[in-house]
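There are two complexes below, and they share chain A, which is joined by chain B in the first and by chain C in the second.
Moving on to the complex of A and B:
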């Protein structure tokens, strides 16, 4: 938007990392008013902006902070004072009113506060940003893995990246390189010989429940802890999350004990939570910045700041043409971009102002927020003459075909991120083979590739299913298994099962 | 409570594994592309509801026959979810005058009864029906019952006795419903005679409408008021230990189960009434099981097709009508292989749904016609009117066959 020619290099698909792996909460800031005041203010300001510029990706659910019987009753007053101090809009409402709005809430809540939380669809937000960038002339290279940061003396000149689809190396020369690698930002800084940028992966698990148990975001009014947020997003609600220091940002394993911990936590907010159907579990890694040179100690990731971190490598390492931005939260993504680009233009001596807070993303121009029934309403129009590929997510065949034509060579996970294929109750049980067949029929995937797409997708779905196999989802998994193993015999397809 | 029950029904959507069995049984989805099917509008679409607005008007094509819930192997309360959603849709979008009128059978009943010859003439007078279709959107060919003049209530005033706790066993209460009251007093009278023939004394208390048509037209508040009033009328008898017997299988089901499970009515009157409520065929089979049914029957040499209506299936008591008819010498009853006649109470009366209803019932009608029998048998009044109109031969309640066998007619 400031008129530069830009290239975005992404190692896999957009949103495959941290951005697409969170609970969907657009923070009002309330969560941080006591423990992390700067983050609270940033969230309050930025969530208002995101609601405006990315209306289409946001559902204005509103939020509640409630003091459950398990919480310290003294925290509520500190919370209220913190909100006033940090500028987070808040209003106390009677507990009975909160229960009227959210009848499933723990009836033992003693206090309730209304805040301006929202639910944000990370992928929709991403596609909006990507489209906007492309409309301003940017190029986006997904599945490009940066292997080297090219340096000449004290200047960074560009990067080398491996195109993992075409299997070739790409050299990108640029007047400026911004490292926004999130949890991987430290690795990239290392490539530029700027060591000590440590980004600790603060791993958290989340579990999506089959339908909305609450209509508004519900937070426990307590110091930020594990499993104290329940977010209604699209058709599900998500309980989250834990916070454990991971050894690697690529560690997506899900600990059984953490699953149990989340379900117990759900019970505190909504009694009966364990009887509800869990759909899928996943983990994401927060980028928690720790500058070794600033010497901030401690391994407890829960208490590390969620604030964004700009690393000026000119000042720090004497390297020009290179900046790192990390830390932060999805809610403050825009502010992170503004901050780093401001620093870039300053270094370049080219003061062009930022307009990202004012210009709506494509699709959000009318300022209309996402609403729960929107896909149902769209399907109502198309019903008679279009097949549903994914019934749970109401994805019609036409949409899949359009997407496949637009972006040839997609994996089913790419389709999932773009169109939500396989994200509903049956977790790909009925749509996986339909979608594979359609892509094959379009000529987008030859037989062997189609087989591989199918198997990979099933395997990826399984990663998030296996940790929560109980109750209703277990029955679903059995039926799906009969379909895939019994009827389709997928384990004997003539391709190797991907590792 | 209402809300809790709604949540409980909604929660049952978690059991759906998308097996699609409900969709293969749904008679409406098979008849029209306008209805996307019970799985779609039920457990699937329900996940998209609860926001600010309801999005799927196609839901309105559900006829509320309830077969989906009956066939679901996973225990999803599909029909109940749909019914709730329909009520919300009605609340949001408003209820048409037509739907307000046809959902209140007592209104039409009382309007027509005193002037019944004129009323019957108008409802069978083509130009008037055309006007009715134009103005109210009630299909000109939709089957309409004929007013019988004096109501069943007024004919049986002598039986309006107080509850009698000392002899409850021999005294049963007859819940006749609106149909027998205004249109088919003959069926009511036969039921009374059959019960008496089995040594039972029949009490017919003052009673109103159960509210079922209001419920199936999404007017829950009014439906609750109706069923509460009726339950209050019948409760003293139930408390005295009298069993209550219904010829209207759907209205009986309303008191037995649906008012609680769909409308969320949870008062003591309803509870005690529901525990004493029996479909008349169910009741007679129970008598037979206790050896108390009069088996002295004359032969009725006849082959008859029998249709177990959706609401009768909702009782979950098998097909007692078939068991009773099997007791009648010479009577060869065979159950029609069809799930629904299409009318579903008031659904088939609506101009935009009449053709769907006829398509739903087509196989049933074909089988009745092909049987060559002079009449067909069915437990539910609106289904009988639909089947009779579509097959050009009378359709009667199963008690009528017993009535014949007992030589009472």
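Moving on to the complex of A and C:
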């Protein structure tokens, strides 16, 4: 938007990092009013902007902070004072009114506060931003893994990236390189010989439940803790999360004890939570910034700041043409971008103003928020003349084919991130075979690759299923086994079964 | 009989034919409507099985907790011979003691003991030339994937396969993009659409080629549909089973339910069995609940055929506790010290083999091996110790187990 020619490089697919592994909450700021005032204010301001510029990706659910019988009753007053101090809009409502709006809520709640939380669909947000960038002339190179930051003396000149699809190295020369590698930002700073940018992976688990047990985001009115937020998003609601220092940002393993912890936590907010059907679990790692040179310590990731961190490598390391932006929250993504690009134009001595807070993303021009019926309404118009590839997520064949034409060589995980293939209750039980057949039929995937796509997708879905198999989802998993192994015998396809 | 799947229906037919008064209660129709309609006995153990009877012998020697160890290999053969006579319209074909090797819809040569005549013609053991034909309105069949994988398939020594693909647009709902398999099947029962369909197939294949079609060739009149299509097209045709809802599975369900009704059996659908009454080790009645009330159905003997996890016979709660839903029988889960599930989806998943353990008479037993009730039997996927979708053993276990359980009841009374 500021008129630069830009290239975005991503090692896998858009949303395969932390942005696709978060909780879904567009923060009103309420969560941080006591513990992290700057983040609270940033969230309040930015969530209002995101609701405006990315309306299509946001459901304006509203939020509640409630004092459950398990919470310290004294926190509520500090919460209220914090909201006033940080500028987070809040209104106390009678507990009975909260229960009227949310009948499943713990009937023992003593106080309730209304805030302006929302639910945000990461993939819609990403694709909206990507399309906007492309309309302004940017190029997006996914499956390009940066392996080297090219330096000449004190200047950064560009990067070397491995194109993991064409299996070749690509050299990208640039007047400026911005490192927005999230939890991997330290690795990239190291590549530029700017050591000590430590991004601690604060790992958390989330579980999507098959129904919207609540209509508004529900937060426990307590110091931020584990499993204290329930976010209704699209057709599901997501319970989360934990915060544990991980050894590696690429550790996506799911701890069964944490699954149990989340289910117990869900019971506190919505009694009977364990009887609901769990759909899928995942983990992500927060980029929690710690500058070794600044000597900031601490191992307890829950208490590390959620504030964004701009690292000016010119001042810090004497290296020009290179900036790092990390930390922050999804809610403050736009502010992070504005901050780092402001720093860039300053270094380049080329003051051009930022317009991202004003210009809506493509698809959000009418300012209408996503609502639960959006997808069905769109689908009903076309119902008679298309095949539904994925019934759970209402994905028509035409959309899959269009996507394949636009982005040849997608994996089924790429299709899922773009079109929600396999994210519904049956977790790919019916659509996996169809999508494989369609991509193969188009010639987009030759046979061996098609077989690999199918098996890989099943394996990847399994990683998020296996830890939460009980009740109806266990039942579903066994039906899916009957389909893929029983009827189709996919385990004997003539390719190696993916690890 | 509790449960209207393959096991419940088979036990019901045999008992009713043996002169018993049989009532079958079930929450809903069984899993047959979802199944491919072939009769698997043992397809992998873990390598591909050519001769199931011998392979069962080796399997039970290694795995004494496998359902076949209780049922016995002899019973399997006897039960299958009896069974195929009960469903003559399915026209089951096999190759004596050897498995057939039929293409799955993704083009994997899949071993099975018996298949309807409409499918058996695709036996890959001798190789062959095939044209896989898709239907433009059917989203559950991808002929190109089937054909291309078939040409790469792992076949017995000396067998070679060539396969190509085609598509026809003849449709019972012209202009509609999404047409379910059952809709094709019902339309093909009627001669006018059958003629149109045959005309569309003509010219797609050359002499010597076999046409592979999704298994949607008719419902009630499937035999007639198949014969007539082959005759009109002048070439061999073979059906390939589809993912659920499976028309071939529905045919079997309908015919077997018909056999049960003809033998005098009574079916009560839409009720849930919720417990039993009894004393001195014998059940005297099953408690069944419908929308209105719970009542007792008196019984001299009971066969529990409620299926495994997928049918709802066994449940796992969020704390990891296993439960048999009707009678709260002891459930045999993964052994102590064994990880219940593997991170690799296609590996052995011990938890999924959970079920009730049975004795040599197919009676559910407690931890000490003693029957829980003297007159309670279990058959089908609810019996512990197998992952039938991996082994390709589901129908064999269900049919032979139910046949034996019914035999034990007939002997007792």
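Note that in this section the second predicted complex is superposed on the first by the 499 of 499 C-alpha atoms of A that agree within 3 Å, B and C clash if a C-alpha of one lies under 4 Å from a C-alpha of the other, contacts with A are read in each partner's own complex, and residues count from 1 in each chain.
Heads up, the rule we're going with is that contacts are C-beta pairs under 8 Å (C-beta built on N, C-alpha and C of every residue); 3 or more make two chains touch, one makes a residue touch a chain.
Bear in mind the structure is a predicted one, so any value in this text is a computation, not a measurement.
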Chain B versus chain C as contact partner of A:438, first or second or both or neither: second
Touching partner for A:485 - first (chain B), second (chain C), both, neither: second
Touched partner set for A:469, first chain B, second chain C, both or neither: second
Partner chain in contact with A:430 - chain B first, chain C second, else both or neither: both
Comparing the two partners chain B and chain C, which touches a greater set of residues in chain A: C
Touched partner set for A:235, first chain B, second chain C, both or neither: first
Partner chain in contact with A:373 - chain B first, chain C second, else both or neither: first
First, second, both or neither for A:274, with chain B first and chain C second: second
Shared contact residues on chain A - chain B and chain C: 275, 384, 430, 471, 475, 479
For the chain A and chain B complex, residues of the former touching the latter: 103-104, 210-212, 215, 235-236, 275-277, 371-377, 379-380, 383-384, 391-392, 394, 424-426, 429-430, 471-472, 475-476, 479
Interface residues, chain A side, partner chain C - complex: 260, 263, 274-275, 278, 384-389, 397, 430, 433-434, 436-438, 440-441, 447-448, 450-451, 454-455, 458-459, 462-463, 466, 469-471, 474-475, 477-479, 481-483, 485-494, 497, 499
List of chain B residues in touch with chain A within their complex: 3-4, 7, 10-11, 13-19, 33-34, 36, 39-40, 43-58, 74
Touching residues (chain side chain C, partner chain A) in the complex: 31, 34-36, 48, 104-106, 108-110, 137, 139-142, 144-145, 148-149, 152-154, 175-178, 241-244, 246, 308-310, 312, 315-320, 341-346, 349, 351-352, 387-390, 392, 394
